[in-house]
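Here it is: the structure, laid out below.
Letters are used for the chains, namely A, B and C, taken in the order the chains are written, and counting of residues starts over at 1 for each.
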C-alpha cells in the first residue's frame, strides 16, 4: 500500500519535472541565426537540391532553362524517319498548304510587298486554299500588279504558305490539333509520338547516370581522380608537409620562420597569379625548359607537352599549395609533444632518425589522419587550379572528375553546356563528399565539440 | 530579505542531483553552503541566481516566488570564483555596468555617485581607472564584490570567492567580506569547500553531501554536536579520529582491536553488545581527561603554536592529539594521556549521532 | 630546441626541396624590374617599363578600375561574412536553440565539404533568382559559401570566452542581447579582425565565381582582368608584364599577410580543425 503511494508521488514528480526540464528556446538565438540560415538555405541547401533534381534531366543549352516549347523541325522528322516514321507520314506532316487569309496578308504587308498587289490578291483569292504552291504562283502571275521578277513572286507566295514545320507551340494540344489538321491520314498514336518528341525543353531522364555507368570515359576519370588525389596527398600534403614540419622543428628559429613563410606563399598567392608563375616555370622559353636545354635535356612545354610532365606539373602545383596545410597542422602537433620526451630520448642515446621514428611519428597519427581526410575531400572536388593550368590536357589525359563536371556544365568551347550531365557528375561528388564528411565527424568525435549552453533560463 | 528554497529539485539529463531540498536563510544572515566538491552546493547557488532552472519546488525571495524568473529579474548579486570581471572595461565601468543596464537608466552623475559610494565601502577608490588585468587577485575580488553590490541586490551569493587567493590574502578578504556583509546587512550565501572559511565568516553553516543538506547550525553548535559521522569527520582540522567497536558491560566501549575506553556518561545506558563508533577529536586527547589511554608516539608534527601527535595505542589504533608546544616527548616515547570521555562523539551503524 | 644534432645537412636538404618555390617567387619580383635577352633567364638590364600599365591605360587597359572592383567585391564579402558569422556563431556557441547539435553538425559538414562542387547548383539558383550575371549575385554566393567557415571560426572564439562573463552580465541585470553586444563582442575582437582579413583575402583572390557567374558583368575584377590578359594572344606572352600586373594584384595580400600573420596562422591551423 505504501509502495503504491510512493509510486504515485514518484510519477507525479517526474512528470512535473519533465515539464520544466527542457531549456527555454532562445528567441534571440533564432533571430541571430536567421540571416545565416537564409543565406545557407539559398546558396548551400538549394544548390544541393537543384543539383539533385537537374541530375535527372537532360537540361542543356539547347533545351534552355525554363519551360520548353513544341516544335517539329525537318531535323526531327529525319530522326524520326530513322526510327520508323513512314515516308508518307513525314511528307504529309511536312506538306505546305496555302491559304489566303488575314494573317497571310498581314505577314506580306510586314514583309514589304507592294500594297496594290496585295489588295488585288485579297480581292481575288480571299478565303481560297491551294495545295500546290506552283499553282498559286501561276495564279498570282496573272494579276495586273504582279511583280516582274519570279523571285519576288515566289517570296510573296511564301507569305501565304502555312506549315506545321518550324512553328512553335506553347502546349502539346495546339500542336496535336494542327498536326491532325495538316495530316489527317496520320494515326493519332503517331501524332502523339511526334508531339512528345517535339518538346524542346528539358525532360526527366536517368540517361545521365546510364551514360556515366556505361561510357569508357568514366573509368578513366575515376582513375585520373584517384591518381591525382593519392599522389598529391601522399607526396605533398602529407609527405612533404610532414617532412617540412619535422625538419623545421629541428632548425634554428630564423631558418624555421623563413621557410615556413616561403611555403605559405603558394597558399596566399591569388590563384590566377600562381597559375601564371607555373606557366612561366614550365612553358617553352620558361625557366625549366631553358635550364633543361642548357643541360642537354629535352626541352618543351612541360605543362602541356607530354602526359608525364603534365601530370607532374599538375600534382606539384597543387601539392605546393597543400604542403603548407600539412606543415601548419603538423608543426602544431609537434610543438604539443612535451620536450622532456625528446630530451629523455637523447639522454638514452637515440639518434635523430630514431627519435623521429620512435617518438615523433607515432604521435603524428591523428594529425596525419586529419590532414588525409580533410584534404581528400578538398582535392576530390577541386578543379580551379587544373582548369587554369593544364585544363585537363594534353588531350583529356589529366582531366579529373570535378573538372569534367564543371566543364560539361559550365565552361566548354563547343558552347553546348550540358547542365544535366554536369549536375549528375556533381551529384556523385556531393554524395561522396557528404558521406565522407559524416564519417569524419564520427571519427573526430564531433560530440565533444558540442557542449550544452550553461545558462538555462 | 529572507530567502527560502522549498522542496527544491534539480536534475541534469533527467537524473536528479538535488531532490526536495529545503533551506531558509534569514534576513541579514550570512549562511555557508559547505561540502565536498560535487555535493550540489554550486548547483544550488546557480539555481538561486537563475542560471539554472529549478526542476521542481519553489525559490522564494521574501514573499516573491522567483522560480520561473530569469536572472535579470531576480536582483541577485553574485561573486564568481574567478571574479568574471569584464576585461575590456575599467574598474569604474565594471562597477557601473549593472547600473547602466537598469531601466530606466540612472543619470550619469547618479551612477558616478553610486559607484563612488560602493568603492569607498570596499576600499577601492584608488583603483577606479585601472583595468582588471592590472589588478592583484585580492583587488579583483574587491571589484567583483563592488559590482555585485552596487545595485543593492536582495541577496548576495559568493561562489568560492577565496579559492583563487593566496593564504595571506584569503585571511584578509575573509574578514573584509564579513565586514561588508555586516555593514550592508545583506542576506548572503557563501559556497565553499573550506570549513574554516565557512565557520569563520558565517552565522550559520549548512553542510551538504550528495545533494542533501545534512545539518544547519551555527559553526560552534555544528562542531560540538554534529548530526552524523559525515559532519563530524568533515569539520575539524586535524580531523576527528573514529574508533570502531561495540558497547561492553560496565559502561565501557570495546574497540575491535581489544582496547577499552569508558563510554561517555550520557551513553552508559546503552545495552551491551551494540556496535557503535566513537569519535575523538585531537583536542580532547592530551594531558588532562577523565580516562587514560596509553601508547607509543609514532609521529610528531610541529605546527608552530601547537604540536600534533600520533599515538599508536594498539596495532591499527592511532589516536591523534593536539597540544601546546612541548619538547619533553618525542617519537618512540611511551605516553599515557588523558581522554575527555564525555566530549567524545558516538555514532550508530548508520552514522547517526547517538 | 634540442641542440644535440647537426642541423647543417638538414638546411641543405630543405633548400633543395624549397628551390622551385624560391625560384618562382624570386623571379616573380626580379622580372618586374628587369629585362633579359630572349631565351635567357638572367636579366641584363634594369627597367621600369613593365610597370607602365600603372599610369598608361593603353598597355593593358584600366587596371585601377579593376582593382577598385576587386576592392568592392572583397569589402562586400567582409560586410556579409563578418556580421552574419558573428551573430550566428554566438547563437550556436551560447544560446539554447532547437536542433542545435544538428545545425552544428551541418555547419561542420558544410565547412569540410568543398563548396566548389555546388557551383552548378548555385548557377541554377542565380538563374532562377535573376541574380545571374550580376556582381551582387557573386558577392552573395561568395559570402554565403564562406559562412560555414566564418560561423565555425567565430564559434571557436566565443567558446573561449569564459561562461562566467556571460553569467555575471546576466546577474547584473543585462539582457542576453546586451550581454552579447557590450560584454561578449568586445572579447572576440581578434576573431573579428582575423575573419575580416581572411574574408578580404578570399574575396580579393576569387576568380572562379566572377568568371563563371557574372561573365557579362561590367565590373571586371582584377583576377579576371589578369587572366584575360594572359589569354589574349596578341600580347605574345610577355611574362614580365603579366608578373608586374600580378605583383600589383598581390600587393594588398602581402601587406595584409605581413600585418596579420600571427592571427591568420591561428585561423589557417586551428580554424580548419575547429
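Operating definition for what follows: a residue touches a chain if its C-beta (ideal position, glycine included) is under 8 Å from a C-beta of that chain, and two chains touch if they have at least 3 such contacts.
A quick map from chain label to UniProt name: A = Sugar ABC transporter permease; B = ABC transporter ATP-binding protein; C = Maltose/maltodextrin transport system permease protein MalG.
Model, not experiment: these values are computed from the prediction.
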Problem - By mean Cα position, the chain sitting nearest the middle - result: C
Fill in the blank from the handout: Outermost chain relative to chain B, judged by CA means, is A
Completion exercise
chain B and chain C have mean C-alpha positions lying a whole-number Å distance apart equal to 56
Fill in the blank from the handout: In whole angstrom, the CA-centroid distance of chain A from chain B equals 68
Exercise for the section: Express in whole angstrom the distance between the two chain centres, defined as the mean CA positions of chain A and chain C. Expected result: 23
Handout entry: Interface hub residues of chain A, defined as touching at least two other chains
Key = 23-24, 454-456
Exercise for the section: Please list all residues of chain C that touch 2 or more other chains. Expected result: 167, 170
Practice task
Hunt down the residues of chain B that sit against at least two other chains at once, touch-wise.
Solution key: 50-51, 70-71
Practice task
Could you please specify the touching residues of chain A with respect to chain C in the complex?
Solution key: 23-26, 28-30, 32-33, 35-37, 39-40, 42-44, 46-51, 54, 65, 240, 243-244, 247-253, 255, 259, 261-273, 275-281, 283, 285-287, 290-291, 316, 320, 324-325, 328-329, 331-332, 339, 342-343, 346, 351-352, 370, 374, 377-378, 380-384, 388, 402, 405-406, 409-411, 419, 422-423, 426, 429-430, 433-434, 437-438, 440-441, 446, 449-450, 453-456
Completion exercise
Interface with chain B, chain C side, in the complex: residues 162, 164-165, 167-175, 178, 182-183, 186-187
Exercise for the section: Quick one: which bits of chain B touch chain C in the complex? Just the residue numbers, please. Expected result: 49-51, 70-72, 75-78, 80-88, 97-98, 101-102, 147-148, 151
Practice task
Provide the residue numbers of chain C that touch chain A in the complex, in ascending order.
Solution key: 1-2, 4-5, 7, 10-11, 13-14, 17-18, 20-25, 27-28, 38-41, 80, 83-85, 87-88, 90-92, 94-98, 100-101, 103-105, 108-110, 112-125, 127, 129, 140-141, 143-145, 147-148, 151, 163, 166-167, 170, 176-177, 180, 201, 204-205, 207-208, 212, 223, 226-227, 230, 237, 239, 242-243, 246-247, 249-250, 253-254, 257, 261, 265, 268-270, 272-274
